[in-house]
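Sending over a structure as structure tokens; questions will come in a sec.
To keep things simple, chains are lettered A, B, C and D as they appear, and every chain counts its residues starting from 1.
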């Protein structure tokens, strides 16, 4: 099907209304959804399965299991923080100890596909990535309620499937600074969307390979951005969502950087650091309360 | 038609003479054309209309309507500044509330194509992008007098059409630090050109996607450049033109940066911050006065 | 052979167990494998042999012989440090004086291929690059015991061949912060792997060409990263491995940077700066001691 | 002719011996060849002649004539410095006033091709670019003695032609920090090579377009590198060569940066800032003196 400019709909691509400005719990002024993506080797094979034989390319992913995740978990334990880890099914199957370490420390595990395949519209992998991801996590007794799209893309087929599967939330859209309720193509409600912030994607400034054009930036560069973003969000009373990867942030100097960000955020004292599940459930209870108020007003009128 | 090196004309690509050094109004030493491009989702679909189904890619554009533009308008209101917003026709049709909010606050609306399609020489879209853009803005009662080329390209067909349509000015060429009168291929006068400054294009240092190679740079990096450029232009008595996008500068940390730039510019006290229309009309009245002086001298001689 | 996602093995790409946490010698807290790659013109011809006629492109490589290596050797002599130089066979044949200067100063020479050809899985060059590299070094009386993969890639065929050739160690994998024993596909032990650190690859932040997208970064940028990485590694009791190139780090400003890094590392006083051979032999003796202890415990039980 | 790895010669690509360490004149410790490339619109058309119709792309080049060069000349006049301007023949023909302004201020004009076409080995344009460039400069009474390769590439055909044309020097190779005598493929002497320094190519850190991946870097970034390079070169008693472009360094903030570099260099007091011709003639007289000494020693022996 050739799509021409005459076919482009004359309406927002996102049908959801404005994000409601619900207050954060415990008098906090702003929120941070603390979340990581666990890709390990699927960060490499998801581009081409034959990369599995390129052993040094693969080793960038393998760092996550050998060093990166243990170091990140150590830091979270030290700071007494819980986070969401969106984990590919392949990782759950190939590295069961990684999933066990997440569960032991009480972190949330989210769905992140099986082979980390890009869910472009029309991709033949959308349903299989979803079902195989659920099955792999189920082998650890986990039924995830949150989902983050591999490579940060999504489409209507995928988000309709998330609703059908009973998921509570997605964390993929880049169009807001507060959670909102997705609206599906048929006009019905979808899952809760908790938008992540591109500037907290550690891949952007902390990962480099000889063949890629991305340089690595030092702490002065990244912390300045991370603090500016957080400070402005605090002034707005809104939220940020991180997109961290232990294969990046578990590298020695990046862990120092993350430690710095988390310490700064804790020192602010007005930021609620929470998992995706906590934020989604908070959103749902605010939504229900608002609905109740609206119903009461309507019946009083 | 194959063009070879023997076909390259031996003359400047731009036939216009030197930009006249007219003084700025009210004793100001320099000027800043404060302008934004409003692309929203057309920033994505302009590369390929089928991208409309890539919902996360689209959400980078959708941020403009949901958060970016409201935040930028709030800042301009706070600082009591008026700006020009070059708006694609698609945005005017798909997001009428965005255009209404611009009009309510008294900002200028300029023409920026309909689907934000690149006006490369020979493009089949040049006339339709122009006419559909006018029609969309007309539905809001707007007849724009300024134009900025989508993707910052232009050609003779396009600038000849701008003249025919009675436009007052264009803001696309990158070859001067003062406004000048365009000269068309047939030697007649074209519209006024108000050259924007690449270094004030916020996309260059403030937008990043996983697949693109551009990193984001922090305030120390960008403010240093923005101030240096402005300070030198003040010394020259010339002007800068911004190419900002609310989908970039409306992001939390980028808004802080823009606030910083505008506060610095205001504190300089010698910079005339103006819309494209104000600068173009000022140019035309200086031009008319110079013409009159010349005629008087000629007749006195 | 088409490889599909169903063919991707459900297991770590690297079969080696966790890196043992052996202590460093002389009570040092951490280690730095100080190593350089000597590519000279093969950095250019390895992409396409016809580049040999592109004389300015080639001259970036030729800088290594004319200026870069002598300057690096002068610095190492000044600081009384020994390093490993992974040298391509072509360099050994085309620039015998370079190899002689390395030997005269007592540095280790490692294997780095012959034409610096990428050892992608299935490459027809793997065996010939290896044998021709050995032959070229043999003409200088050198039988190397360490190997670093050109372009930092590897595969099972290559690392199996390294074992067969009696090599002691490889320094290519990016998945750990301590040396470990490789495990080959058939489950037997391979060579010792001493993982280098991407952030100490000087190419990433210190080399730029007009056609490449990489900018050069100043000392503030690079030293900040280099120190952060080292400081965190010191806290971990682990190691870093450098991937320096005299054609980069021998450029005037980069040599200042390297001098700065080495001086800082020396001032730390708790970092063992060593060649690949020293680290590999230390690993082997710790491994043997651990094996002995294990055997004694087993027989005592 | 397919070139394989078996065809790669086993010898340095550059046959010249080590650069002689001649002293600089007037007791100076180091030298800076101050040189600019004047490309104007040929920076754009040299990639594809049909770009001539892309008027905004062309305007990046046109900035050089309208603003960039006048501003650079003003700065050099202010600091009382002479420089070499490698000027394409097209510029000399299309903008005669640019060449006249260079001559009026007493700067050296060098050869830089006609359409700025890349002199890759085998290019059909090598001879015509050379002859047309000479003819265009001759129309201004100029017979250049220095040459810089467009896009910084060269080959044997080109440098042999430079010798045949009686040129004194080339400034293109990137493999040394001192001038040296080129050796041609037949073993005879070629022109003097004065190697420029990549880090002083202002395009690398000061030019950005929406479609290119290069960001612009602020003064803190670039000055740090420029000073480090110069300071180390001063310690070595060697030289740097600039590759500046008025279409980059004539932009407001870049001119500030260049002013800063030149002021710093002047304040060092030990750096000889010279044109290509001055450095080449100094080299030749040192070379002749060394030859004489050698002859005298030989005859005394």
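A few notes on this one:
Going forward, contacts are C-beta pairs under 8 Å (C-beta built on N, C-alpha and C of every residue); 3 or more make two chains touch, one makes a residue touch a chain.
Note that this is a predicted model, so its numbers are computed, not measured.
Using the contact threshold fixed earlier, the set of chains in contact with both chain B and chain C is A, D. Where chain B touches chain D, the two copies mostly use different residue numbers: shared numbers make up under half of all numbers in play.
The copies chain C and chain D differ by a rotation of 90 degrees on their C-alpha atoms, rounded to the nearest 5. Between the CA-based centres of chain A and chain B the separation comes to 36 Å, rounded to the whole angstrom. Centroids of chain A and chain D (each the mean of its C-alpha atoms) stand 50 Å apart.
Counting partners per residue, chain D has 213, 215, 217, 220-221 as the residues that reach two or more other chains.
The touch graph of the protein chains shown is a ring with every node of degree two. Pairs of chains that satisfy the touch definition comprise A-B, A-C, B-D, C-D. Of all residues in chain C, those touching chain A in their complex are 3-5, 7-14, 18-19, 120-122, 149, 151-156, 159, 172-177, 195, 198-199, 201, 203-205, 212-215, 217, 220-222, 224-225, 228-229, 231-233, 236, 238, 240. Interface residues of chain B, counted against chain A in their complex, comprise 41, 45, 49-50, 52-63, 65-67, 90, 93-95, 115, 117, 208-210, 213, 215-221, 251-253, 255-257.
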